[in-house]
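The following blocks contain the structures, represented as structure tokens.
Here come two complexes built around chain A, the first alongside chain B, the second alongside chain C.
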Partner chain A sequence: MVILPIILIVFYGLGTDGENLQHLKDTVLLKYIGTTAKLLLFVSILSLIFGIGSAFIVTFYEFRFQKTYTIGLVLPFVIPAYILGFIYSDIFGYYSYLHIFLMDLGFKNYFDVLNFNTVSFVLALALYPYIYLMVRASFLKNANTLLRPALSLGMSKEKALFRVVLPLNRVAIVGGLSLVLMETISEYGVVSYYGVDTLSTAVFKSWFDMGDSGSASYISSIAMIFILVILLIEKFSQGRARYTAESASLPFEKIKLKGIKAFFVHTFLSIPLLFGFVLPFIWIVNYTFKYAKERIDEEFFIVILNSFVASAFASFIIIILAVILAYTYRLAPSIYTKYINKFASLGYSMPGAVVAIGIIILFADFDHYLIENFGFKELLLSGTLFALVFGYVVRFLAVGLSSVLSSFEKVELNINKASRNLGKTPLQTLFQIELPLLKNSLIIAYILVFIDTIKELPLTLILRPFNYETLATKTYELAINEMVQESAVYAFCIILICFIPIIFNLKDHK
Partner chain B sequence: MLKKLIAGVVLVSSIVYASSEVNVYSHRHYDSDKQLFKMFEDKTGIKVNIVKAKANELMMRLEKEGKNSPADIFITADVGRLYLAQSKGLFQKIDSQYLNETIPEQLREKDGYWFGLTKRARVIVYNKDKVKPSELSTYEDLTAPKWNKRVIIRKSSNIYNQSLLASMIDSQGREKAKIWAEGIVKNMGRAPTGSDRDQMKAVVAGVGDVAIVNTYYVGQLLNSKKSNEVMVGKKMGVFFPNQGEGERGTHINISGAGVTLSSKNRDNAIKLLEFLASPEAQKVFAEANYEYPANPNVKASKLIQSLGTFKEDSIELYKYGVYNAEAVKIFDEVNWK
Partner chain C sequence: MILNLKHIAKNFGEIEVLKDINVDLKEGEILTILGASGSGKSTILNLIAGFEKPDYGSINIYGKDTRQKEPHERNVGFVFQNYALFPHLNVFKNISFGIGKIDISKQTLQVEKLLKLTGLQGCEKRYPHELSGGQQQRVALARTLATNPKLILFDEAFSNVDAILKSKIQKELISIIKRSRVSAVFVTHDSKEALSISDKIAYLKDGKVSQFSTPKDIYNKPSSKSVGHFFGKANFIEKAGKNYCVRPEECIIKKSGKHKGLITNISYHGERQEVELDFKYNEKEYKFITYVDKNFDLTNTKSLNFDIIWKNSNCMDIYTMQP
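Let's turn to the complex of A and B:
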């Protein structure tokens, strides 16, 4: 069911001739593929540096504000990439206050931010928390068993990092990275505003500009090839790494840092924190206070409620589906179940607008069928909240599934076997033994999905019912009308809502 | 008996339901529109329901929902999309004496498939410190060597650029239109990126000296709450190109609407369109968003009036839609990002 819209998109146009395909091939397609590959590379490198580097430092070292950093480094996650993009253009663009200030000081040359490099930087900042979160959880789990022995055997710290820590946490690293890459491929908002043409651009161009679904599905399949490569790498990294780890991690001693080393650590950590969160947050707070009066009316609270309800509900369904899929895979890890899981995740790698069209096709056909054959008077599902929530599920199941899968990995398979040997059914085992053990990981998975859905924009715009606004659509509406500052109030609410669960959760996690 | 009663209740309630609302799919994301729909609701008691998204995506939704679509009105910010919706059979003919009398012929479809509500001109803006208006003449002139590295314009995926090129395909043929696009790419001060406002900021920053933008963005800059944007607006001169003897006039585009073929609240839909064309509503369009009102009896905002009057390109607007796909292809061929 969840895969249907994706299949529809990929195959929808295959029957048609795709008359513009040759044109695209002759002109822009190769360039777009090149740009996509380059963007994936840049975003990977940057987000790996931010993600692994900071996870390593906050896990294994002790220094001032270490706990603040630990929580703070997750925060860039709550600012949607498109908002970050608008904010950066507002702060650093031509004739921004900064530029004027520098001109007053006599600086002649200034840089253009509306380009490829900024997009790479912005996407890496917005997405590295996926890697950070997954890798840090993995580090915490493995810290004692892996790093300590290596160090006590006389390995240098650098060597230990590359020889022991990174290889043994590769599942988490690649898992986080593949989420980052899929988000990057499906990104359209920031790349189009900054004039960077990726495969998403080509899909939009052929389908929405030229009305040519044939070419669009062809290009979508090229994007799918990128995704398959990513998934293969992920699979390769997991290899036979189904080792059963220690079930409880003992507290371990962190290495204390002082002086020049501490200074370097602070500098390193403050880059993602400062640029990914502090700076944009100050901007948002500043304009929130400036425009709050004009923007806070009855509609404002309805918008918050809409966002909250749809996201909470969709995330709930996603986690339930993810648990079912992951548990099936756990009990019967065949190629078949594995590929079901991979396919269920494909929605994540497609632009939200494209997924939305797939769902419209699916539901409209279904509704027409009901009307023609069962005497229904109007469209049943199209244009309803159900369609929207369904869209979120298709799009973000991958996020829930990958976190749930990795949290199942942490519970020893022997526990499951033991329980069933003692006569419990698989379902009893799931509900009485495994889920309680997984409670914390599931909550984290829920939060991740919730944040993703509340930030979601393109799919929401197309699928939403009449008069339905979310925080994301309101932010976008103002930003796109070039009233970026006024959108701050809504961006602020997105951040605030995402904030609460994160803080709560990290508090009892250390 | 009970059955009849229920049927009756359903019938009555569906009539009441139907007669008290109108459903709109709109590409326009402006606060002014919200205000207008509110005015309409207060005046008529007809509830306006809205879904806002990009025109092409809404069109696809309309198409797939087909004759069962709940939408009554489809509003776009560009005439090319209106034409496309018409050619896909999404609109129905509307014969409203009021609309026909109020909206000039050029701004509406001849059979009543769609009606322009506001008008915008795509003009040349220049840095007053560096360029004299006497150096400017036509869109075509911007491809001359003297403008090398001095022209700034946004991406080709932007519908206003597509319509501008489509108008050239119509007036001069594909070959000449392509040569023009090639010439502009050659003279670009930077690769296209950002919004119309960003183009003007880049001009003031010296990345180029002239830009092609829609008039209302100038108004928005001058009335911005941010002092740096007002500064940018003040440094911009506005030039209406192609005004000379025998030249075709400045490129205009419309934001407009049509009643959908599937409409279940046709009368309300017409009422809403008539209201949007009325002086009362047109004034809001003009003042709040610095667009030119479609209704000739309503004046543009003071600020827009101060830019002066100009000769408009008299092309039949639907042609932007006819040549849209061709324009998109030309942009790709000449590597206009």
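Let's turn to the complex of A and C:
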């Protein structure tokens, strides 16, 4: 069921040959593909600079506020890219205080921030933490194991870091980068707001403006080719490299930085921290307080309730499915169960809009089948809350599944065997032993999935029932209707929820 | 017969882990499956317990074929290497876990009996992490005994135990097993452990049982040089068309000894000295290992005279190496 929408997309995409599609092919399709590729390139370069650079500096160098930066550099994660985009259009846009201030000073040239470069910068700021987190974890694990032999061969510490440690963490770098690229392809909020036409916006246009599911599928299939290439590159990079250390490294003796070098490091690290979190966060808090009275009304609570109902329900189903899949794999690990889990996770690598179109096609076919064969008078599944929840399940099952799989790994298999050996069936063992032991991990997995569903914009926009507003869609709608500052109230709620895992992580650190 | 393994074969992918395993165990006996790591010995336990299925062959437990039986239907006890106690349950609940169906008063009686048997009185409210390694092992054993199995499997039972306490815990465990009148299968890579606790030993090499016999037989009459070496220092020598396994303690150092060997190496082991000798017998050259008393002064000694205790029971066919 979970991969059916994806299969349908390919099926419909390949079989499409309508007028609309021909028109798209003749006019703008190549431009969309080109812009998407260019965006991927720009976002990659910027997020690699932010991600690897910051991970490298906080891991191997010692300077004032180094620990604060280490934690702080993760914080841009809590602000979804589309919210970041709205904020920067407000801060640097034509009617922004900054612009007016500059014009008062006699600055006459209008500087347009609503362009491709800002989109690249915003996406890099929002997404570089993927690279930062993975690369930093890899550095911490491998640093000493790899560094000591290099040092013993007479290399200087700095030379060894650049020539040995950095290249050998390739797997983590490619892993983080592929997540960044997938999110970039999936991104709809920022690109549409800034008027940058990518494959994701093309899917929306062909669906909402032309109502053409065939063209939408065709474009989705092209987006899937991009994803496939990314996945293959990631797989290729993993397959060839097995450089990770077997055990955790001993604490690494950091290089102390002072003077001009420390100044440059502070300048470099403060760019992602300041523009990715501090500035936008201040903006959001400021406008939340300013518009709280005006915006916190009945509708506000309905939106929150809508978001919670859809996300809570979807997360619950995801965790149940993840437990079933992970437990089956635990009891019978085989190539088949492994691939079932891989297929179930496919939705996460697909853009939200693509998954949504797949589900629309699936449910429309199903509804028509019911109407034609069983005399149903109206659509049963299309445009319902069920469709939205199903969409979240397809898209985010991977998040739940990977969390639950790694939680199961922490409980040794012999505990399960011991229970079955004492006469309990696999199901009794799951309920009496495994689930009580996994309780906390499952709660965390639930929260992670919940947050992803709360943040998801493109899929929600396409699949939500008529007039069903969630925090993400309401933030987006206010922003596109020239009420960016008012949208802060809703954005603030999303960010508060996104803070939860960061707080959990900090607790773990302590 | 409590346990009977017939022609068992098991592959993992393309790797042949077990090939034609034939082993049996009578009521009240202790069998040890011995082998180096990777020899497939833990796989045998997993097959008996039902966690794995054999690709070929049959496993009879308590006289019944187990092919269609799941692990929870076999009533075979299993004590895991790291004990696998349930960390969220206290000692009482761990022990009573498998007997949850019987009424609570009977459960309490049964658990109290087992706490007494295993010397764990007073620990029933403690959680696994509050117990010592030895206590955890006894809880694991009591938990297994609670379901009244006639056969218990032990996977590397003493590998987590401190070397100093090992012999004491071994004796305690064997005594509990014997008092409970159950049969047991131990898996270990420690030959001394196998010799001291078992009624029967199955020596596993490359997925096959190289020798299946009593501890005395396997020590004195190893079926091959590799079995001989696995169970301690061994010298092999040909005499009258037979190949003899001569253990170092069977070479007696004597001034009037019939044989003379040149010392090539001496190593001090605390309780004794180990001496390597080169010597000729029936025109053939041999390297022999023998033991010398720890106080015997070997300084400036270049050669030693010794006698060999020839035991007919130690001889094997010179070609087949079979007893």
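Please note the rule applied: the second predicted complex is superposed on the first by the 316 of 510 C-alpha atoms of A that agree within 3 Å, B and C clash if a C-alpha of one lies under 4 Å from a C-alpha of the other, contacts with A are read in each partner's own complex, and residues count from 1 in each chain.
Just so it is clear, a residue touches a chain if its C-beta (ideal position, glycine included) is under 8 Å from a C-beta of that chain, and two chains touch if they have at least 3 such contacts.
Just so you know, these numbers come straight off a predicted model, no measurement behind them.
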Chain B versus chain C as contact partner of A:R420, first or second or both or neither: second
Which superposed partner A:E412 touches (first chain B, second chain C, both, neither): second
Partner, of chain C and chain B, that touches more residues belonging to chain A: B
Contacts of A:L437 with chain B and chain C, given as first, second, both or neither: second
Partner chain in contact with A:I91 - chain B first, chain C second, else both or neither: neither
Touching residues (chain side chain A, partner chain C) in the complex: 412, 414-415, 417-425, 432-433, 436-437
Complex contact set, residues of chain B against chain A: 23, 29-31, 49-54, 56-58, 60-61, 64-66, 68-70, 84, 155, 157, 162, 190-195, 197-198, 201-202, 204-205, 207, 217, 220, 225-226, 228-229, 231-232, 324-325, 328-329, 332-333, 335, 337
Chain C to chain A touching residues, read off their complex: 49, 51, 70-72, 74-78, 80-82, 84-88, 97-98, 140, 143-144, 146-147
Footprint of chain B on chain A - complex, ascending: 20, 23-24, 27-28, 89, 93-97, 99-100, 110, 112, 114-115, 192-195, 197, 201, 204-205, 208-211, 353, 356-357, 360-361, 364-365, 367-368, 371, 378-379, 382-383, 461-462, 464-468, 473, 477, 480-482, 485
